[in-house]
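A, B, C and D label the chains in the order they appear, each numbered from 1.
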Amino acid sequence: MADKKKKNLPPEAQNYQAFQEEREVKRPVLLNCIKAFLVGGFICFIGQLISTFYIYYFHFTEQTAGNPTTATLIFITMLLTGFGIYDRIGQFAGAGSAVPVTGFGNAVISSAIEYKTEGFILGVGSNMLKLAGPVIVYGVFSAFLVALVKTLLIKWGVI
Amino acid sequence: MLSGHQTWIFENKPTIISTGVVGGPFEAKGNIPKDFDILHEDMWLKQDSFEKAQQMLMEESCQIALKKSNIEKEQVQFFISGDLINQITPTSFAAKTIGIPYLGIFSACATSAESLALSAYLINSGGAEYILSGTSSHNATAEKQFRYPTEYGGQKPPTSQWTVTGAGCALIAKEGGGPVVTSATIGKIIDMGITDPFNMGGAMAAAAVNTIETHFKERNVDPSYYDLIVTGDLGHIGREVSLDLLKQRGLNIKDAQYVDCGLTIYREGQPVMAGASGPACSAVVTYGHFLNKLKRGEIKRMLLVATGSLHSPLSIQQKDPIPCIAHAVSIESGSDGL
Amino acid sequence: MIFFWAFVIGGAICVIGQILFDVFKLNPGQTLTILVVVGAILDGVGLYEPLIDFAGAGATVPITSFGNSLVHGAMQEAEKHGLVGVVTGMFEVTSAGISAAIIFGVIGAIIFKPKG
Amino acid sequence: MTIKKWLFLIGLLCILSSCGNESALEPSNKANEKLDLTHISTKNNDTSQHPANQAKDALSKYKEITEVKAVNTTKQLIIAVQVEQNKRFNLTSIRKQLQKEMKKKFPDHKVELTTDKKIVIELKKLEEKLQSESISKKKVEKRVKEIIKLSKEQT
């Protein structure tokens, strides 16, 4: 699609873009992936630690330990976000700190803190899900479609 | 006056009689802390919001410029300024405090050069005796408006740039000692179809090249006329692209002669990726660092080419390419050698 | 052993996210949305539960598990109440992530100021 | 470039989907030696763990099982197993297979089989108490009921 768009540009702009791209600093994809792997893996490792802790010392099974683990991770995220540490981790780790549920928490909490100056109702309240909103919206909608298809298939005896 | 299509020559020598340069904590750790009049330790400047903090920066820089010149603010006819944030409210609110008749302008990071060019024109044509011209930006307000909440852990690509927290202001007068504004070239919008808001240097370089080329043609001088050609905030990528393009077009610009404010303000190792940006970037570095050089006699003539990318968060989401602009203003040491 | 695989699988999902960032030039919002949708689809074809069994937190901590548990909630209700359950059961299982984020978001906003 | 991206995506999906289709457990002739099969013997006939011990022996023929705990009352039998890490992809089908087998083997008991770590831990505690005979029949029944309830809890 990007190529199609380029073709509509005047040749001067096309030449310039090529000229510019040659000099553009490329994203270090491999290095970024390694960092994302290590940090993302580490966050999941911590998650596993927390969930094992809940299984051993509290009344939770493997099934039910997921929720308190998530809540604990998001609590830790709140502290890291509030003290201005999470955005630095994010610059280093990229997807490594964005993809785990802590990244979801960071998106919500950072928006909440940022819009505090606009008041708690219209600032915090309405902007809190500015970044994380699409995740909830399309998570719910795609889950609806998947569950709908699956339920119908079961009903019709296909699976 | 008008030379060619878009260049003004100021034969009455409007003079920059004083400047006020204010910065934030990140700038204090940078490359040129000595060129600031005030450096704040707190991003908030003890205000309730970042936007108010930016307003405060602007107010302070104006006050400093006035104080240094011993001109009363009642003597100043106009305040010409602008910034990036929400209908330029930080600047307009600062104008309310300052109480000088006010012209609000917008050309993103090229605002510094636009306001300087307009001020010089008004003074040169006798439309005013004293004009305050300047601009401000704040890292957190720009992040909030154009990118993500400041505490969000989004990864910035190596092409992105760091918005300067600060404000730079110059008091231009009909006469008086100081550097003289000799000419200005008003740029036109250049759109090369680049849509990546994280690569503004690459997008703006084309505008810089267009304006610099036009300036030399219409002012009828050679690049060697200037000791320094100072671009606003092209950063590493934009500087390289524009320099290579200028050389390709037959302009003989030396590497050491071609400097960028966005690469001057911070030290190596500060996490600014491709360099600094923001309206305050060119204002602060020019009115602080480079004018000091001019006053010390290290350079005699400089051409400020402030570049701006005129997109909004909305236009980016609607997939519009980034329109860019560059204005050039030449500043030369006055007859008294200052 | 499960700790090792939690690290590896969790890290691998993040690498997929990083590739979406860097190669496909998507922003975080788009990337996370895609991952959530993928999680929902994987659960629909019955692949996500085995991954959770295998990698534990390596599969439940990444945002993909969000899609997975949304589908799970919907399916659980669908078993009880038929098609209506698909609509009503959605948040049955997932509420933890969203409610924790909202609660700690408001608390965070009360306690903290952005550092800039 | 775009073709490469799509190939990459398809390849990724193939890798992911290929993990799911392995067969469940195959029994072997030899008993699994690594397994701790401590039989719980109680002098008190009320809390006899004979069926539980039998279940342990029966499960020991699967070499992929790394841990097994079982406790029974007169009516109920609860078994918790841990499976080798690389077989955990098929945990659901393994659980179903073993559950079916155990149900067949103990028709007089209501059989619950789980793979949950938490239940393993709980059963281990209960086994220890039974072994030391510090628990009454009534309490065992109550505890087993609780554990079964716990194992069925959903998120």
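Side notes on the structure shown:
Note that contacts are C-beta pairs under 8 Å (C-beta built on N, C-alpha and C of every residue); 3 or more make two chains touch, one makes a residue touch a chain.
The structure displayed is predicted, hence computed values, not measured ones.
Comparing the chain pairs A-C and C-D, the larger number of C-beta pairs in contact belongs to A-C. Central chain assignment: A. Criterion: smallest distance from chain C-alpha mean to the mean of all protein C-alpha atoms.
Between chain B and chain D, the centres computed from C-alpha atoms are 71 Å apart.
Here the CA centre of chain A is 9 Å from the CA centre of chain C. Here the CA centre of chain C is 28 Å from the CA centre of chain D.
Centre to centre, using the average C-alpha position, chain A and chain D are separated by 35 Å. Annotation for chain D: residues touching 2 or more other chains are 154-155. Those residues of chain A in touch with two or more other chains are numbered 27, 32, 62, 66-67, 81-82, 84, 93-95, 98, 103, 107, 109-111, 113-115, 131.
Looking at chain C, residues 2, 16, 19, 21-23, 28, 69, 96, 113-115 sit in touch with two or more other chains. In summary, the structure contains touching chain pairs A-B, A-C, A-D, B-C, C-D. Remark: chain B residues 48-51, 144, 148-159, 191-194, 199, 202-203, 205-206, 236-237, 240-241, 244-245, 271, 274 touch chain A in the complex. On chain D, the positions that touch chain C within their shared complex are 5, 8, 12, 16-17, 19-20, 85, 88-92, 115, 154-155.
By the touch rule above, chain C contacts chain A in their complex via residues 2-3, 6-23, 28-33, 35-37, 39-41, 43-44, 55-58, 60-67, 69-71, 73-75, 78, 82-83, 85-87, 90, 94, 96-98, 100-102, 104-109, 111-115.
Listed in rising order, the residues of chain A touching chain D in the complex are 3, 52, 55-56, 59-67. Here chain B touches chain C in the complex through residues 43-44, 50, 139-140, 143, 148-151, 154-155, 157, 196, going by the rule given at the top.
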